[in-house]
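Have a look at this one.
Chain IDs A, B and C follow the sequence of writing; residue 1 opens each chain.
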Amino acid sequence: MFYIIDILGTIAFAISGVLIAINKKMDVFGILIIAFVTAVGGGTLRDLLIGQTPVSWMQDITYTYVILASSIFAIIFRSKINYLRTSLFLFDTIGIGLYTLVGIEKGESAELHPIICIALGTITASFGGVIRDILCNEIPVIFRKEIYATACILGGISYFLLKTLPLDGNLIFVISGVVVIAVRLLAVKFKIGLPTIYKD
Amino acid sequence: MFYIIDILGTIAFAISGVLIAINKKMDVFGILIIAFVTAVGGGTLRDLLIGQTPVSWMQDITYTYVILASSIFAIIFRSKINYLRTSLFLFDTIGIGLYTLVGIEKGESAELHPIICIALGTITASFGGVIRDILCNEIPVIFRKEIYATACILGGISYFLLKTLPLDGNLIFVISGVVVIAVRLLAVKFKIGLPTIYKD
Amino acid sequence: MFYIIDILGTIAFAISGVLIAINKKMDVFGILIIAFVTAVGGGTLRDLLIGQTPVSWMQDITYTYVILASSIFAIIFRSKINYLRTSLFLFDTIGIGLYTLVGIEKGESAELHPIICIALGTITASFGGVIRDILCNEIPVIFRKEIYATACILGGISYFLLKTLPLDGNLIFVISGVVVIAVRLLAVKFKIGLPTIYKD
């Protein structure tokens, strides 16, 4: 079940990378690298920071196959990918929920402070996009127009609050993931963003 | 004592990150990330290169609190931060002295060559700013207008020269740190920079 | 023998970094950093991903001396470096062949899947240039106009195909390296690139 969500999220992340790389007129090699980085960059940074090497995607070849296949699919059908927009957005959002929780659990097994665990979860879910934007020579979009980091952080806080209650671990995992997903869906639907500190 | 300097340096680095991120019109999330990266980026790169993981700031939650508090302070009082300029410059300079020496000592305990240790010290003190500039989509300022890398390197050389004399370890640490601080203060006061290789 | 190729490749990579940094009007410190990153960036990223730390160049001071010496040479004779262009291109190409195979072998000793090993080889040979371009605030040239990643990948595939035959390990290493070199030389001579997916 979690594995399927993971794969769907990977597909959505990889395809979003492909579309951005095509926009930058990259060649096929560049497109594949951007797809990879978008899909596995956050988890890679997390693994490096806590010293869990070789990093995850190197240990399970499935991710490589999934990213290659969905990238080639997206390159071929790039003019028609718009029809999949809603599905991709959903996969992406569910993926973010899962990745946040996976990052938090990895932080916990490295015995890190809850706040650091939440930071790791947010890094897992959002830094693939940050590295992608840097490779595309853009200021990371998430630093200018926050899209989902707040959802990750609120999901992380829920996780540690729920852990103070006598609940089953899997249930806590699922509820917190749903918090991430719900916050993001509501934020997109009602166009809620972080309060701005600029006047104009 | 060293811990207090460390915290003061962290505050100065974080606030400098906040000001640059505000200049780039980032949102609150982006500002906090830039503050973090500026403050802990150099030490994080050092820890990754020598394989000391989880990286330092993940193991001591104090840094997170200090960076969050000084960032929020800097965001709120951003129009008045100019009054603190001299203090911040001093904290920053003292911090650089300390971080250089901390990096060198970590290199020594990993049994690396003195030149590599000096490189690690310089990375610790200066690569937070490099990563910050990359995230802000700028060529790192330190590569164009050298600000303090020379000070770090000269302090590092002093450290290894002093170690050939029969002196106390703490004394060597302090003297070398003072060399870093003094070189930087003199360079700023007398506007001394690296000789240019360009004609115009 | 391999060590000599390694050093020649390091020289070629460092000098190419110097020339690009001069183009960006960096100061001497920036030029040296770009030379370093171009020469050792790929191997450093590989070592980090598989958790082999301290990273290679920190454990053998020779690289540092070679990079410093060739950078200073290139800075002084920058207006005359054009006379060396053919030699540098050859060193560079032979270096790429070697680095690809070194990366693959490191992947193998970490017991990674052949496809991941080929990715590691390609990273070793090409990501120094990627990090250099990011530090210079450019979209990595290798993502827009593929130069040698295909050569690395084809050499890597040859390596694993040859391993199915009853051949000596060193021989396989050399043949696969020659494949990388030959593909790159032919691609440059006949101006063969990846097929474009754009219409104009």
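Keep this in mind: a residue touches a chain if its C-beta (ideal position, glycine included) is under 8 Å from a C-beta of that chain, and two chains touch if they have at least 3 such contacts.
All values derive from a computational prediction rather than experimental measurement.
The rotation relating chain A to chain B, fitted on Cα atoms, comes to 120°, given as a multiple of 5.
Comparing the contact residues of chain B and chain C by number shows a mostly separate set, under half of all numbers used being common to the two copies. Averaged C-alpha coordinates put the centre of chain B at 31 Å from the centre of chain C. Touching two or more other chains at once are residues 48, 51, 134, 137 of chain B. By the touch criterion stated above, chain C contacts chain B in their complex at residues 21-22, 24-31, 33-34, 44, 48, 51, 53-55, 58-59, 61, 64, 75, 134-137.
Interface residues of chain A, counted against chain B in their complex, comprise 48-51, 110, 112-113, 115-116, 119-120, 130, 134, 137-140, 142-146, 149-150, 193-198.
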